[in-house]
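Structures for review follow.
Common to both upcoming complexes is chain A, partnered first by chain B, then by chain C.
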Partner chain A sequence: MAHEKVNGCVILKNLHYNVENNTWVRVIDDSTVVIGMTDIAQNLAGPLLHAKTKKVGTVRKQGKPIATVESGKYVGPVKAPVAGEITKINDALSGDAGMINRSPYNSGWIVEMKADNLADELSNMVSGDDAVAAYKEKIERDNIQACEQIEGADTYD
Partner chain B sequence: MDDEDHEGKKILVIQTHGVATPTRTYSPLFYAMAAAAMEMEVMVWFTMDGTNQLKKGEAEKVQLVKDSNVNLKTMLEMTMDSEVELRVCQQSLELWDMKPEDLIDGVEILGATSIIDLALNYDHVMYF
Partner chain C sequence: MAIRLIDAGVVPSIRSQTLYHGLGYTFSNETPNTIVLAVPKNPYMCIGFFQDAEQELDITYCKKNNLPIIRRETGGGAVYLDQNQLFVQWIFKPEDLPAKIDDRFKLFVKPIVDTYKHFGVNAYYYPINDVHVDGKKIVGTGAGGIGEAEIVTGNFIFDFDYEIMANAINVPGRKFQKGFKEGLRNYMTTVRYEIHENINIDIIKHIYVSKCEKLLEERIEKGKLKRHELKKIEELDERMLTDKWLYQIKKPYSPDRMVKIHARVWVGEINHTSEEADIKIEVKLLDGRIEELELTGNFKEEPEFDLESLSTTMKGAELKEIEKRVEGFFENSDNTCTGISQKEWMKAFLKIKELRMSIS
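Up next, the complex of A and B:
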């Protein structure tokens, strides 16, 4: 099964996760990654009104913001799970931040980055069943409410 | 100016409104969190009526968003979690007959001369 739901929140097993910062990484090649917010992160933030990504060419350290997102009840950074340079941004988000809510793992991606040292940084993330277990623990520990259905959740398999 | 140019700048938010006017308490904290999310150094300075929301047991009585569990206490906690510094005016504590031990955790007390120094050293002051 390519994905699992924990408390209704979708976790794709083929992605790598920084659980603390609630971001996912999709590996494109040995240094290129696509990054986004997890289903849990978008659910916690609530219906997003604005998403502002950093510009292409911005160089980020790991943990520094690649975007800021805001809803009526939340505003916060999306923190870079890897160090490197932003090579593409999801332009569609500037006019439709709700895309992150509706499709956090696909059309709601945030940025693409060229990572400085991807192999090392991936080793500090979790994927597959380890990611599911880590999020189960996080959801219970932080008493995270159930996620609502996102687009395509039943087609990820 | 690009937002990248703003990173590292210092914003001082001065809050003079308190528990008697709930609708005036939310936005300053929200702006402070937004600035922190944009990698700015942010401090909220509570003075005058703003002081009373920092008294233990008061902020949780102020409901800010209908049909949600967000109250002023949760907003203050979220603000501190965003690494925004909270400071309160020494003289205003006396105005509300508050002692240092009456303050919620995480708030430091500063005097009037400190606020003048802070205001001069910050890049921008937002006054509410």
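Up next, the complex of A and C:
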């Protein structure tokens, strides 16, 4: 899978990113998307201990929480990169939130959503080389330290 | 834009929590970074967002002693809070705080440490989010993302009721229940204990604010809550006292429990059940090592070796060494085990590590 590492943080070029909220979107069809936290987000948070997603059927506006995660003493929301309805949740996370740390782009996905207006919302996100450039800028601007490879994490060579 | 200071004074217990929640939920681009100072009027127990109140606390004791329980939307464990503490709450724009949570805590505790030092309390930052004096904790902290704001909270501890805290928390392990109160005394301290005097709270606030101004290189100006902020806070005053909010996290019952006394010290109880035996391990961890350990169990066939010798082997082990220590013990031919397999002992001991890694 085409990817690039920026400061050790993996960015998959086939995904769409909301850089501000550090979430990714994988397009399944015209309106269905899978959503998760980026490698940078999970690194900034540190080892995740808990994850609680909103229920299937919950309707969310863009930017509203679709899940809450806890790492160490921090509790924070994962914000919806698109508006729509949650159609599937990753049940495995309730027993193993660390999966987000180990596999942020695969097994650690958070929810699947039926987006209200996917085409419009994708146009506000970045992907491919634009995503790499946007994250380079963010990492520099926010002085983000290098991502660390954790034990059992997905590998990207 | 200057940082806004909301000095809320002495407030009802629930308000000491809803202030920063409400400010977080109403936060927008126009909201200035805000520092709240507050003292709760009455004692209460406060649990972390992901905690199950019924498993963490002795609810009966809390009810009997008029000790309300409040779930907060930040991380960490159950704590006892009262009028002998000054709460400090930062409600900031995300870009005005370090991106990495560990760095955020380090920044947040600096003016608290500097204020303590100003009054002769020899406090220092203890990673990731503690402030210690001679190895004893003197500040509790928590952090979270609420609405569009990033929140960091902490407290100056002037005095502390160890007894109420010890009674209200469900402490695992018979061996450690008795010692929990003493443990708290050994690993938690207060301003009163350190300098044997009372300091005027207004002077502390003044010094703290000046330390924040210096650190953040921003003016801090006294301000008031806006109408829409107060409305949200009042709404949360009601919502956060409902049973629906308090009991929203239900975890499956586990016979295994671990409780943090402070960043260096944890106590826990493991109950491992298999066809061959029920093994009970009561453990105290200090700096990531097994400091104290008690092994008991019901065995179909009694082990040939002395449980005390296995305990001795495991004492001092770092969490990452547990596997090696158990293997080493059974490599000794004197420690053969017909009644219960090495595999079951291994599973039981590895639960210590799993449990420690699963809580903050």
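We take it that the second predicted complex is superposed on the first by the 147 of 157 C-alpha atoms of A that agree within 3 Å, B and C clash if a C-alpha of one lies under 4 Å from a C-alpha of the other, contacts with A are read in each partner's own complex, and residues count from 1 in each chain.
Please note the rule applied: a residue touches a chain if its C-beta (ideal position, glycine included) is under 8 Å from a C-beta of that chain, and two chains touch if they have at least 3 such contacts.
Note that the structure is a prediction, hence the values are computed from the model and not measured.
Q: Both complexes share chain A, so when I overlay them there, do chain B and chain C fit or clash?
A: Result for chain B and chain C: clash.
Q: Examine A:14 and indicate which partner it touches, taking first as chain B and second as chain C; both and neither are also allowed.
A: neither
Q: For A:145, using the defined touch cut-off, is the partner it touches chain B, chain C, both, or neither? Pick first, second, both or neither.
A: Second partner only.
Q: Scan A:77 for contacts with chain B and chain C and give back first, second, both or neither.
A: both
Q: Going by the touch definition up top, name the partner, chain B or chain C, that contacts more of chain A.
A: With both complexes superposed on chain A, more residues of chain A are touched by C.
Q: Return first, second, both or neither, reflecting whether A:55 touches chain B, chain C, both chains, or no partner chain.
A: first
Q: Between chain B (first) and chain C (second), which, if any, makes contact with A:106: first, second, both or neither?
A: In the superposed model, A:106 contacts neither chain B nor chain C.
Q: Look at A:31 in the shared chain and tell me whether it touches chain B only, chain C only, both, or neither; answer first, second, both or neither.
A: A:31 sits against neither chain B nor chain C.
Q: Scan A:68 for contacts with chain B and chain C and give back first, second, both or neither.
A: Both partners, chain B and chain C.
Q: Touch test for A:87: chain B only (first), chain C only (second), both, or neither?
A: A:87 contacts neither chain B nor chain C.
Q: In the superposed view, which residues of chain A touch chain B and also chain C?
A: 52, 68, 70, 72-73, 75-77
Q: In their complex, what parts of chain C are in touch with chain A?
A: 48-50, 73-76, 95, 98-102, 105, 128-129, 141-145, 249, 357-360
Q: Under the stated contact criterion, what part of chain A meets chain B in this complex?
A: Per the touch definition, chain A meets chain B at residues 52, 54-55, 58, 64-65, 68, 70, 72-73, 75-77.
Q: Hey, which residues of chain A end up touching chain C in the complex?
A: Touch list, chain A to chain C: 44-47, 49-50, 52, 68, 70-77, 142-145.
Q: Touching chain A in the complex: which residues of chain B?
A: Going by the criterion above, the answer is residues 2-4, 30, 33-34, 37-39, 65, 68, 70, 82.
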